[in-house]
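Here the structure comes first, spelled out in structure tokens, and everything after it is commentary.
Order of writing sets the chain letters: A, B, C, D, E, F, G and H. Residues in each chain are counted from 1.
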Amino acid sequence: MTVTFLILAALTLAGTVAAMAMRNLIHCVLALTLGFAGLAALYLLLGAQFVGFTQILVYVGAVAILAVFVIMMTQSAIPAMQSIFSSFWVAGSVVAAAVFAVLAWAICRSGFASQVLPPVEAAVHPIGDALMHGYVLPLEIMGLLLTAAMIGAVVLAMHEKRRTP
Amino acid sequence: MSPLTGYLLLSALIFSVGLAGALTRRSAILVLIGIELMLNAANLNFIAFWRYGPNPQALTGIMFAIFSIGIAAAEAAVGLGIILAAYRHSKTTELDQMNSMKG
Amino acid sequence: MFGEGILKGLAETARNFLGSYVSKKRLTTVQYPEQRLPQIEAYRNFPFLVYDGDDWQQGLRCVSCFICEKECPPKCIIIEKSTDKKPDAVGKLQFYPKVFNIDVSVCMSCQICVEVCPFDAIKMDTDFELSSTDRFSGLLWDKKHLAKSNEHYHKIHPTEAAAVDAQLAAERAKIAAKTKATAEAKPATPTPPANANGAGPNAANQPVPTATEK
Amino acid sequence: MTNVPYLPVVVLLLAAVAFAVGPLALAWVWAWKFSPRKPGPSKNAIYECGLESKGDAWVQFHPGYYLYAIIFLVFDVEAVFLLPFAVAFTGLPLGAGIAMLVFLLLLVEGLVWAWQKKVLVWS
Amino acid sequence: MSTATEPVRILPQSPANSGSDSGEGQLLEVSMGPQHPSTHGVFRMDVVLDGERVVRLKPVFGYLHRNHEKIAEHETYLGSMPYTDRLDYICSLTNNWAYALAVEKLAGIQVPERAEYIRIITAEMTRFLNHAALIGFLTQDMGASGTPLMYAFRERETILDLFESLTGARMMCNYMRFGGCRVDLPAGWLDQAKKFAATLPRFLEEFERLLATNEILMARTQGVGVLSKEFAVNAGVTGPVLRASGVNYDVRKVDKYGIYDRFAFKVPLGEHGDTYDRYMIRLLEMRESLKILNQALRDIPEGPIVDPKTKIRGFKPKPGEAYGRIEAPKGELGFYLISDGTANPYRYRVRSSCMMNLTVLEDLCIGHNVADVVVILGSIDIVMGEVDR
Amino acid sequence: MTMSPIQQADQFFVTSQHRFVSYLPAEFQSLTSAILSVIAIVLVFALLFAITTVLERKGLGRIQNRYGPNRVGPAGFFQPLADGVKSLTKEDLVPRTADQMVHFLAPVLLVTAAFLAYAVLPVGRNMVLVNLNAGILYFFAVGSLVELAVFMAGWSSRNKYSLLGGMRAIAQMISYEVPLVLASVVVIMAAGSLSTVSIVDMQASYTGIWPHWFVFTPWGFAGFILFMIAATAESNRSPFDLPEGESEIIAGYYIEYSGFKFALFFLGEYLGMFATSGLAITLFLGGWAAPFSFLTWIPSYLWFFAKLLLLIVIFIWIRGTLPRLRMDQLMSFAWQFMLPMTLFNLFVAGVWHFMPSGIVRWLVCIALLVAPAILLSRSLKQGKKFAVRHYRFAE
Amino acid sequence: MTPENIKSEVEASIPGCQLEIVSNPSPSGQHSLRIDPAHAVAIATFLRDAEPLRLDYCSNVTGVDWPGKEISEKVKVKKLVDGVEQEVEEIRKTQTIGHLEVVYHLFSMEKKHGPVILRMRTEDRAERVHLPSLTPVWRSAEFQEREIFDLYGVIFDGHPDLRRILMWDGFEDHPMRRDYVEPDDFEYEPTAHDEVLERARQHRTVMGPL
Amino acid sequence: MDENLKSELRKQGIVATTLQELYNWGRKNSLWPLNFGLACCAIEMIAASMARYDMARFGAEVFRPSPRQADLMIVAGTVTKKMAPQVVRLYNQMAEPKYVISMGACAISGGPFKQGYNVLKGIDRYIPVDVYIPGCPPRPEALIDALMALQKIIDKQSLTGADRPRHLQADAPSEFVVPEFGAHDLEPSQNPEVWQPPLVNISLGGTDDAGKH
């Protein structure tokens, strides 16, 4: 438990909580990027450099932009007058709190030993090797999935466009 | 408390925040974002377990995380596309209004 | 064809860039306050009143005939006639302007006043560095500000001024001849010499400056 | 912990933020000390070519942008998989190259589909 | 040309700022201008955008309505001459000519031959500088950081030097008079002009190399803002814009005013009527102008420069009316005068080519991108002084 | 360890930093060294920004037959200082309806992101702030923050033009980011590393006098061209400066910014340009390596900055010449030409690797690149035949 | 194509229309045709489409204001003066009804001739200022007719978009009419001249001590 | 900067002096004009920034299209009543410090068109003008001359004290009434805060019979 970890954890949590609680959706997305960036920093802290930068590249660079676009396209940027929470927010919060309680209980119970680890760096080269050896099938499936997702999302997004020339 | 516990607790917290958001927010976009957060919490777990696991050289956690990020991105694209399509239909991104304007 | 036009354009700009270090044609800037273009003789900016001799009040050619005031398209000239007379450029006794103002904040430098003036009294100046911080005191020019010597006129428009001088000299000669003729006919009433006559009424009638002077 | 390599980055981050915020703070001090800020209803209104702004700028945007974003996202993720492959490329057999080619072709197929559906034509 | 050339008018149905039913994004109502870098003055376009596509465009002008016509009713005939300079302030000399021509028709004044030559020389120089400046502005609108504009203005300064030494002013020349010109050519002017004309082909080549085959320029202009022949005629479009649509109508050829019938020149005609044609027609017209200029500079005779019968003051034409027009660089510039026998015109009307050419702006822009709007506007070539008068 | 004078000059900054740091207690050493390097980076690139603005204005002036700024200070080189003082003391306006916080954060984020990219740029031998294992990935990850900053600026102003400019900017940046990444992948394939330092090291050797730069291979050359095009678009430079397309949308996303915030946008934009140019140099032009083996006596950092200046000059030159593309052309160029071409280039790099070296490899690879380039550029123009036209003349 | 020819041709093809040749005494010799508003569109369409004319190009559209004039003439009237019938000279004043006139200058781009000048009159200058719009025939009339509406107040029926064009929308006057009076926004102008001087005198109180 | 001012400043302390000199130096050498032209004079304004005259030498070629980033408004051309509100609004939306050059007869007083019903008789009725350039249109050199005159004005301004320029005074207004379109005229037809009719003695006032028509 280093100070760095605590700072980053606080940052990440602040970002995620703000992302879930803010009124203006654009603010939510901006807060979310903060949360993502914090997570990326945590990955770096854990020695997963590649994943950390990938996190920023994909989440901050692409997913957040995508979310922002959808907000702009659905005119949700102007904060609604009514409550931002749905009518069953109490139930939702209770469920979430319960889930957290269970998880925390499980984590605390398992009582991992506080071991001192040698510094491990997941270099890119081994990742590449692993990807091209043990994970070729997942990679191809991933490609299929991405293509399918792209086609699906495009069809969804341009659905009406074809009807009205 | 061991470092791993810290990461796991943080991950659990992020997961719960995402879950809470997904369950309580009215905006469909935010619900989706909540789900993304939950996926991210899982990623954090993967990485943490990889780091503190018995065999960090195996890279399994890393590979999982990478594929998970890819899947999350695909999910976000499709999810947001669905929201966009739903918005066309009902002129709103608020979930309960979408419900009430069925058809 | 892809890229060819772009490369041609790039070559052209490169030629100009490099040329600017060697050729005057490719570096046309005249660094204004220090360098100036040669004054083009025909250039006109705002009108001024020509006077002959040394005394601007004395030698003012304007006889306040109101023609320029009437013809001025934007109506930026104000003239007020004197009550007495003084001899004009050719020696005839004439009225002179008590007030002659030009509002250069209205003037459009069209030169019509110059064209219509039968006395060659108003000409176009070439000064353009006239920026002022006050519209009223700086840009409403009175007679004193407007009066400029014939030498100045010769300096800025030499060809034109020479022609005007020649024409005036001819007229003067004609009038002198006529006076001579009348003087010969009626020797009893001698015409006073042109120059001496102007001083009297003029001194008595100092024009009042109308606006605060620059 | 392996945070040492990132120390310069963190310092750079702080310096960059300071470089951006510092002059702004200085400008703020200047404004506070000498040159008072004078907001006004007309001054702080939205600029629109000298006219009063009509309607809100935050309107619903055209979904054309979204289509590009999706394709971008997919290729971004693809790049993430491509990079480790590229790093390991020199040591890989031809089979791995073909596997990657298949992966790329799958995505290219999506691109070609989008191309033919005229998704890539800006409206 | 079909007989049923009804005016084309495309009006979109959906009002602005309300979501269209398809959910294809809301329409955005933007006003471009009156202060906008590329509206060529104080022109405004109320544009309704769908994404970046224009669905409606309303030109709004009058921001430079300086009441020229009303003021002229209180001015003498000569007094209006300097005001005409300020109509299309890039080409004041052609405006002078158009007005002088109308008054000459009204009062039946003949113009001496030398004056006609001077008029043609100055008018073609004006046309040259107008087209060069226009191409500069057009590429500026396309985002070319001003380099072509600078080159155009470099030549313009040389032309203006010539104008200045002839007329005394750079822009507001006030040079033509009813029945001739104000002053004769100063000594050495013709040689200077000839020397200048000799440098022009080089400039034109430079200009063409810089841009004419530039792929980006072609991509930006070809097929953009297509103006059909029939519509152009019906909408009263004149000048290079009309000829770019392929209509062979040049007042210099049709009316043969002045002494244009003595010069060998051709009228370039476009095929497609798009922005590229409008651009190229101007480039080609500059070449033709150069031809006329060279012939005129070669042939100019000696003689008087103004009809001796004309009076500067007290000019009162007989009652009646006249419409005189010339081919100004931007199109047909006409003056319609009604005299009631007094020193002031009873009615003084400017038929502005810029304003008429603007009629087609909306039809050309609809369906195009915002970026095309400024290019189309630039290719129409307006000067607000003449549009609003 | 003894060094020749040439090496001493080359490593002057590195050694002096080491020497300075070595006087400090051990626990402060790494921090101090980082701070020193960071200060150097920030100052050098800020100064480069200042110089570039003058160079650009003067260079454009020369292209346009005029002098450009030449009165403020010696030959006008204090012009940016005057502009800076002016911007600093200028009133800071925030529109009433704007989103105040985001409006403030946008320029800060932009400049921060632009600066962060310099962490992995080797500006000289041993002169890199941090040699990250995934350096290139870091660079692109940080670069993607710029899009967010631009969007924040455009959106928070609540101005129609700024929003239009912001959306344009993002659409453009995301479209060219993919080609940017893919164009650099060929180098990574050859170098087998994401670390910028090792990529430069790979290029810093010579055959005879000729360097081993990646630009001197078919795929490297194509990659370089594609990378530079994408970099021009990424840094919003002419002819891809649509987001601030002055003639259409006035000033684009920073239309409502005044005072120093506006200056920060300028700064961020130029820093981005330097960073992507720097990456291009690192990837394709041998980084700090001298172009010929006999020129290695010139210190490596000078080579880096010389190459950077060369690229900047090309940027200025292009800006002085070309008109701007239209949005749709820009987008279709990105997706229908740049992306397929970069993918082809990847394929070619693979082929290059698996073929035996020799002239055949060259020919095959060039053919494999030229053919799709022609095909794609033709399909780009499909439907719209852009051609030099001929005109008829009426008598 | 003399105006007489056109007149007869038009009258032959469009029943009921009335054309009047307005001769122009000036050396320009551009005579014009006055058409009646009721048939204006039909006449215009005929002129545009009929084969020998093909006036496809409407160059210029102008408004002219002819305010009512006071014509005073001396008439000798027999009157009882002091019981005696005498012939007395009297000045009789008659007020003519003013009208607004719209002038169209037509050319043919196809046949390259012209101009043919059409004129139309409103009935008066106050209420009955309606005229048919020729914009449906020649699109080029659109802005010019709007301008005439703006500056003269002629209302063109059938115009697609009749709004003010040069002045702002809330403006109420028609400034090109000859009896238009400018708003009095005088404070001080350095060139006190003619009517400006007159106004300066009226505003002496505003100006302070003169 | 004249000597009096300098010695006056020395009293205030060297820091303030250098600060003021730096401030004025920065402002005067970085006058970015608003990209905004109204009529004929705008062409000469463009010409002034072109190769022959090259305003860039003074660092003043950065024509900013957005008023937020511009320092100098060159009112180049006739301001009509229809345009006046827009001009005033643009001026209002500029950030302080801001300067106005009124270029050409029309912008100063309405010029040749001042008799027109739609022409504003001088932009200084609504906004304060720093430098007037007469001429119709003034030569590009005249604009550069005015720019230098403005630089001199800026150079003389003091940072503190009662005579500091308007933009440094907290209570001096920074935006002015934007006139509205009325039924017959702009309302108000001038802004008395900025423009008061000057009390200049027209000698014509009493001499009605002095040969006038």
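Just so we're on the same page, contacts are C-beta pairs under 8 Å (C-beta built on N, C-alpha and C of every residue); 3 or more make two chains touch, one makes a residue touch a chain.
This one's a predicted model, so the numbers in the text were calculated from it and none came from an experiment.
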Next on the checklist: Quick check on the contact network: minimum steps from chain D to chain G?
Outcome noted: 2
Checklist entry - Taking contacts as defined above, which has more of them, B-D or E-G? => result E-G
Item to check | Distance between the centres, which are taken as Cα means, of chain H and chain E, whole angstrom | outcome: 31
Checklist entry - How many Å are there between the centre of chain A and the centre of chain F, using C-alpha atoms for each centre? => result 29
Checklist entry - Counting in whole Å, what is the centre-to-centre distance of chain A and chain C, each centre being its mean C-alpha position? => result 80
Next on the checklist: As a quick test, compute the distance in whole Å between the mean CA positions of chain A and chain G.
Outcome noted: 74
Checklist entry - In chain A, which residues are in touch with two or more of the other chains? => result 2, 47, 50, 54, 57-58, 61-63, 65-66, 69-70, 72-75, 77, 120-121, 124-125, 127, 131, 142, 146, 149-150, 153-154, 157, 160-161
Next on the checklist: Touching at least two other chains at once: which residues of chain H meet that condition?
Outcome noted: 35, 50-52, 54, 57, 65-68, 82, 86, 90, 93, 96-97, 109, 112-115, 117-118, 136, 139, 167, 174, 198, 200-202, 204, 213
Checklist entry - Which parts of chain G, given as residue numbers and ranges, touch two or more other chains? => result 166-168, 175, 190, 192, 194
Item to check | List of chain E residues in touch with chain G within their complex | outcome: 1, 3, 5-9, 61-62, 65, 67, 69-70, 73, 105-108, 231, 233-238, 247, 249, 254, 317-325, 332, 334, 336, 338-339, 346-347, 349, 351, 355-356, 358-359, 388
Checklist entry - For chain D, which residues are in contact with chain H within the complex? => result 34-36, 38, 40-43, 45, 47, 49-52
Item to check | chain F residues within the chain H interface of the complex | outcome: 57, 61, 64-72, 76, 78-79, 81-93, 246, 250-251, 255-259, 262
Next on the checklist: Show me the residue ranges of chain D that touch chain A in the complex, using the header's touch definition.
Outcome noted: 1-3, 6, 56, 58-63, 65-67, 69-74, 76-81, 83-89, 91-92, 96, 99-100, 102-104, 106-107, 109-110, 113-114, 117, 119
Item to check | Parts of chain A lying in touch with chain B, wherever the complex brings them together | outcome: 1-2, 5, 9, 12-13, 16-17, 19-21, 25, 28-29, 32, 35-36, 39, 42-43, 46-48, 50-51, 54-55, 58-59, 62-63, 66-67, 69-71, 73-74, 76, 80, 83-89, 91-93, 95-97, 99-100, 103-104, 107-108, 111-115, 117, 120, 122, 126-127, 130-131, 134-135, 138, 142, 145-146, 148-150, 152-157, 159-160
